[in-house]
Amino acid sequence: MHVGLQHYLAVSMILFCLGLLGVILRRNLIVIYMSLELMLNAANLALVSFSRFNDKLDGQVLVFFIITVAAAEVAVGLALIVALFRKRQSAHVEDLTSMKL
Amino acid sequence: MEAINNLISSGGVEDVLFYVFAALTLLCAVLVIANPFSRNPVTSAMFLVLTIISMSGLFLLLHAFFLAAVQILVYAGAVMVLFLFVIMLLDLKEEARRKIKFFGLAAGLVSVGSIVAIFFKALASAKPGVASPKLEGETYALGKLLFTQYTLPFEIVSVLLLVAMIGVILLSKKKLE
Amino acid sequence: MKNELFPWLILFLPLLSATVIALFTLRSKTVSSLISIGAVAAGFVLTCLFVNSNGIHYSGESSVNWLTIGGLNVDFGLKLDALSMMMLFVVTGVGGLIHIYSYSYMDEDAGKARFFAFLSLFTFSMLGIVLSNNFLMTFIFWELVGVSSYLLIGFWFEKPSAGDAAKKAFITNRLGDFGFLAGILMVWGLLGSLNFSALQNAMVANPAALGASATIAGLLVFCGAAGKSAQFPLHVWLPDAMEGPTPVSALIHAATMVAAGVYMLCRTLFLYNADALHVIAYIGGFTALLAALMAVQQNDIKRIIAYSTLSQLGYMVMAVGLSGPTPAMFHLTTHAFFKALLFLSAGSVIIGMHHEQDIWHMGGLKKKMPVTFWTFTIGALALSGIPPFAGFYSKDSILAQCLEQKNYLLFGVAVFVAGLTAFYTFRLFFVVFFGKEKSDHAKHAHESPLVMTAPLVILAVFAATGGFIGITNNYGSQFAADHETLSLAQQFLEPLKTPVPMFIGIGVAVAGIVLAFLLYKNADTDPLPAKLGVLATWMRDKFYFDEFYEKTFIRAHDFLAAVADWIDRWILEGAIIGAIRGGTDLSGRALRLAQTGNLQTYTILFVLGVVLLLYFVLGK
Amino acid sequence: MDWNFIIFSLVKLAIIVGVVQGLVAYSVLAERKISAWIQDRVGPNRCAPPFAKYIPVLGPLLTRWGMFQPLADGLKFMFKEDFTPAGVKKIYFFLAPAVAVIPAMLTVAVIPFGSVMGNQKMVLADLNVGILYTFGIVSMGVYGIVLAGYAANSKYPMFGGIRSSAQMISYEISMGMSVIPVLLIVGNLNLSHIIGWQATNGWMVLYSPISFIIFMVASFAETNRTPFDLPEAETELVGGYHTEYGSMKFALFFLAEYSNMVSSSAMMVTLFFGGWTLPFWGLDHPANSIGMGIAHILVFMAKMLFFMVVFIWVRWMFPRFRYDQLMDLGWRRFLPLALVNILITALWLWMRS
């Protein structure tokens, strides 16, 4: 069977799910952040393959924007993590919650 | 020999490459989030770099040359270095092995399962894309689109970058007044 | 300047002054008081200019459309005619003098700036009543007057008695205003307009326009007047209102606010049929008699004057009820002069006595406070109705009105009250100014400064001459088309046209003075209780009206309030609100469990939501 | 796609790697000789195997100028004890040198080092985003250094690693910006097209000299060469990120640095000096014979070697920058300058069109 759109989408979907699992299960904020990047990349992959298989360049433009926004987001997010770490001396999500159950 | 000849002549090399890159991408992604050998965030970061590189291989297969290059240039070259910087700066220790969150695991599996299910259902009802794609991710065409039809988003994104830059500078100051 | 602009300017200057004081100059006593005095003085000057250029018989209205709701069309309009013009003179003139007097009287008070802001607000409200051309505006300014009088009576709110008095005045007024509002609604419902001119035209065109409910409508409107002008049975607030500063008593409770009721009755005279006027007349007469009796046995200098005010207001209302708006307004105006004079003189005495108000602690002040003594004397003579002072002319016109209407009962009451008035006024006069000093304060009393005595002198001039300087001419032209304008000499001798009431009036007044002289020339204590026995006690205790109200209305009200409170507390609050609150609280506690503060829990919930959404968009 | 393509690609790959390795080895020797010359001393001059002088004709040449010095250096590196300090993070310690070398070697893949030989283009991969590829690969070079600094688990290498990566990321931006005028003028990202354009219109350095200057200075920074070799400033950080490394692992870093020099030189030649073309002797259009093809390759090599020498020469002529001066230069001088350059070029092109 020829490799088609659905193959790329499947890869994208699995990548997305892996990222999601990472966000839900890992405790280290930085790793969670990397998992978020994985999810973003999964979206990128889906968009690029849509773009390719629908003969439209708009998907790639969107990916370009996603990469830009992701770069901005990473910068801000990491700065926040650094600020949080300075305050709490930890980058574990559980240590960051200050609410009482 | 004959088989390989056939493969090459039928353009099946690209299919083989797809499977190679896809497998590489997914394997590295798994190792990002769940590395059985090391829980060091640096390891995760390095595998994420590998994921991104293999993904840009997939982009190449999709003829998105510009994006493949940008993916490596921005993600691997800049974003991930930033990650490494922060990890080194904070001197993060290995993630402690606390008790596994059964609730989280169950919920994660449920959501992943439902996403997979929805994916297949959606795929079944979707109409297939072009069988023989002709689109080339030419830098020229992309640039033209970016500066004509998408000028406004482009400018907005640049403003967003500026805002992020200012925000980061402010956040990184030792004393937040 | 265009004629239409004058009343607007006169009306809004005091409001501007109040706003400026409240917002900017509360820090400075002097600036604040000067702004306030300037505003009211400017009003007086503008009134004079207006009358000078247009004459007193000018009549005009200017209005802007304010709101239109269905059939209700309300203008924000000002009406100028002889009636409102004379009232403008009273409010800005007498009011201005009281403002000036207050400048010195309130000098040592920390809240002087606030006081003047209130005074300006009050002046604005009062001018609003005087100038308004429709019922709704009258009612709004009516309430504003209520509010500002509340603020002024309770000016020394740190004194519990002042606070209570303010509340009492306000609530009692509310009772009357309730009737007033109902009356306004009734009039609007029956005649379809609120504009005085339009109403008057409607009533002239068809005197039976109000139909069977004419009496009720008239009496309901009168309720408002009864509240403001403190007529029986809503008279109880006025004596208590003496807890306010003396200028307030003079301004509000002698010259202007209490006059608003009478003014309103005269303004809306076309509304009342014979039955309503009868009731009004008898209520007025009864109030006059009752208050005069109470005044005889009071010992607080301001309270005596307050009851006297009550009594005189009863006179005016009685005159209105006897279809005599001209005598009523005449008496109102002269009364504004001499009663303000009396109050201000009393204030001067009080200041001289270091805030001592009991007349039995005074005595012998004639030597120590000569200006105050002479002005008080003129005021007392005017009040008693001794010719040629102002009170004599106005009182005489009321007595004449009684006889003209052939209402001999009310004539008798009026004559008796006139005698009583002379008696209690000179009781006060002799006890305070003659005899020997009855306390240390009295020995060290001193004359007040010029800022206070100057208004006294000016008012004294008017109290002495107010009877024959043309006041009746102006009012008469308002109410009777065939009124003939009299010359000064004719006015001076006007009472001689009706010699019977004149001589009877002078006679009882002189008798009252003589009696007072005999009883109180050198008295150290009041000899009357011994002679009158239980009647004197009743008089002193105001015929137990307060106690009666306490036992009946207030009790019943308290009971109703307790029931409402119980319903509110246990049924509304406890059951209904409690259930809602408890439910909210419970669900809040339940939902709080979802708010763990843990990032990943949020992620899970978020993803599950997205999955659900995707299911509905894609999966189905 | 056919077998020919695969075989020829493999051959080209082998040749390129071999040539680059040889260049690296002998550029080390060149560096030593040139430094000796600049410092008025002799430099290595006697390393030769015992049998070499018996070779006729060539013998005397081979024994002079230390011709076998690189060989000796290589052997020394190989046979030194491969010491692993205690406390290092083992995996990354081993990984870092490899990660450093790989991008350095990969860069040359897109560089057209000659025109054509027969029907074969003298370039390993004629990508249409060639220049972006180069930048992508160059940006990957940071990882080797960062990982080395991290793996050593020691202060100075860590500082060296962080300094180096910050420096490389900073100058990468100036470098990328500096190239944009070239792309604007040519209108294509393909390196072969860029060379083709230069063959007809003249060298790019004449059109955009500012670009060239910025690119060259940024190249110095990217390769961690003097005057921007802060990461390995001996007086401050001992050896920088490779302080803890020895023997073959250290050799790999060395290899990476010189490989980067080679590819930077090749890039400069390609972008600004016409690549394999010369404006005379008919060398400015694709070869039609084997001889011409070889001539093109030689022209390219010659140009490249010139820039190698410039690299070495600069190293021994200039003092080192202070770190804040370095950052200042990168962010506040070169970046605005490059932006202005882009603007001017764009305006110029717009006026011309």
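Letters A, B, C and D name the chains as they come in the text, with residue numbers starting at 1 for each one.
As a working rule, a contact is a pair of C-beta atoms (placed from the backbone, for glycine too) under 8 Å apart; a residue touches a chain by one contact, two chains touch by 3 or more.
Not measured: the values here are computed from a predicted model.
The interface with the greater count of contacting C-beta pairs, when B-C is set against A-B, is A-B. Closest to the middle of the protein, by Cα centroid, lies chain A. If you average the CA atoms of subunit B and of subunit C, the two centres end up 84 Å from each other. In whole angstrom, the spacing between the mean C-alpha positions of subunit A and subunit B is 7.
Between the CA-based centres of subunit A and subunit D the separation comes to 35 Å, rounded to the whole angstrom.
The geometric centre of subunit C is 102 Å away from that of subunit D, both derived from CA atoms. Within subunit B, the positions touching two or more other chains are listed as 66, 70, 78, 101, 104, 107-108, 111, 115. Shown for subunit A are the residues that touch two or more other chains, namely 20, 24-25, 94. Within subunit D, contacts with two or more other chains are made by no residue at all.
Going by the touch rule set out above, the chain pairs that meet are A-B, A-C, B-C, B-D. Looking at the complex, you find that subunit A touches subunit C at residues 20, 23-25, 32, 93-94, 96-99, 101. Residues 593, 595-600, 603-604, 607 of subunit C are the ones touching subunit A in the complex. Against subunit B, the residues of subunit D that register as touching in their complex are 1-2, 89, 91-92, 95, 127-129, 132-133, 135-137, 139-140, 142-143, 146-147, 149-150, 158, 161-162, 165, 169, 172, 187, 189. Those residues of subunit B lying in contact with subunit A across their complex are 14-15, 18-19, 22, 25-26, 29-30, 32-34, 41, 44-45, 48, 51-52, 55, 58-59, 62-64, 66-67, 70-71, 74-75, 78-79, 82-83, 86-87, 89-90, 92, 95-96, 98, 101, 104-105, 107-108, 111-112, 115-116, 119, 123, 128-131, 133-135, 137, 141-142, 145-146, 149-150, 153-154, 157, 160-161, 163-165, 167-168, 171-172, 176. Of all residues in subunit B, only 8, 13, 38, 40, 42-43, 46, 49, 56, 65-66, 68-70, 72-73, 76-78, 81, 84-85, 88, 138-140 touch subunit D in the complex they form.
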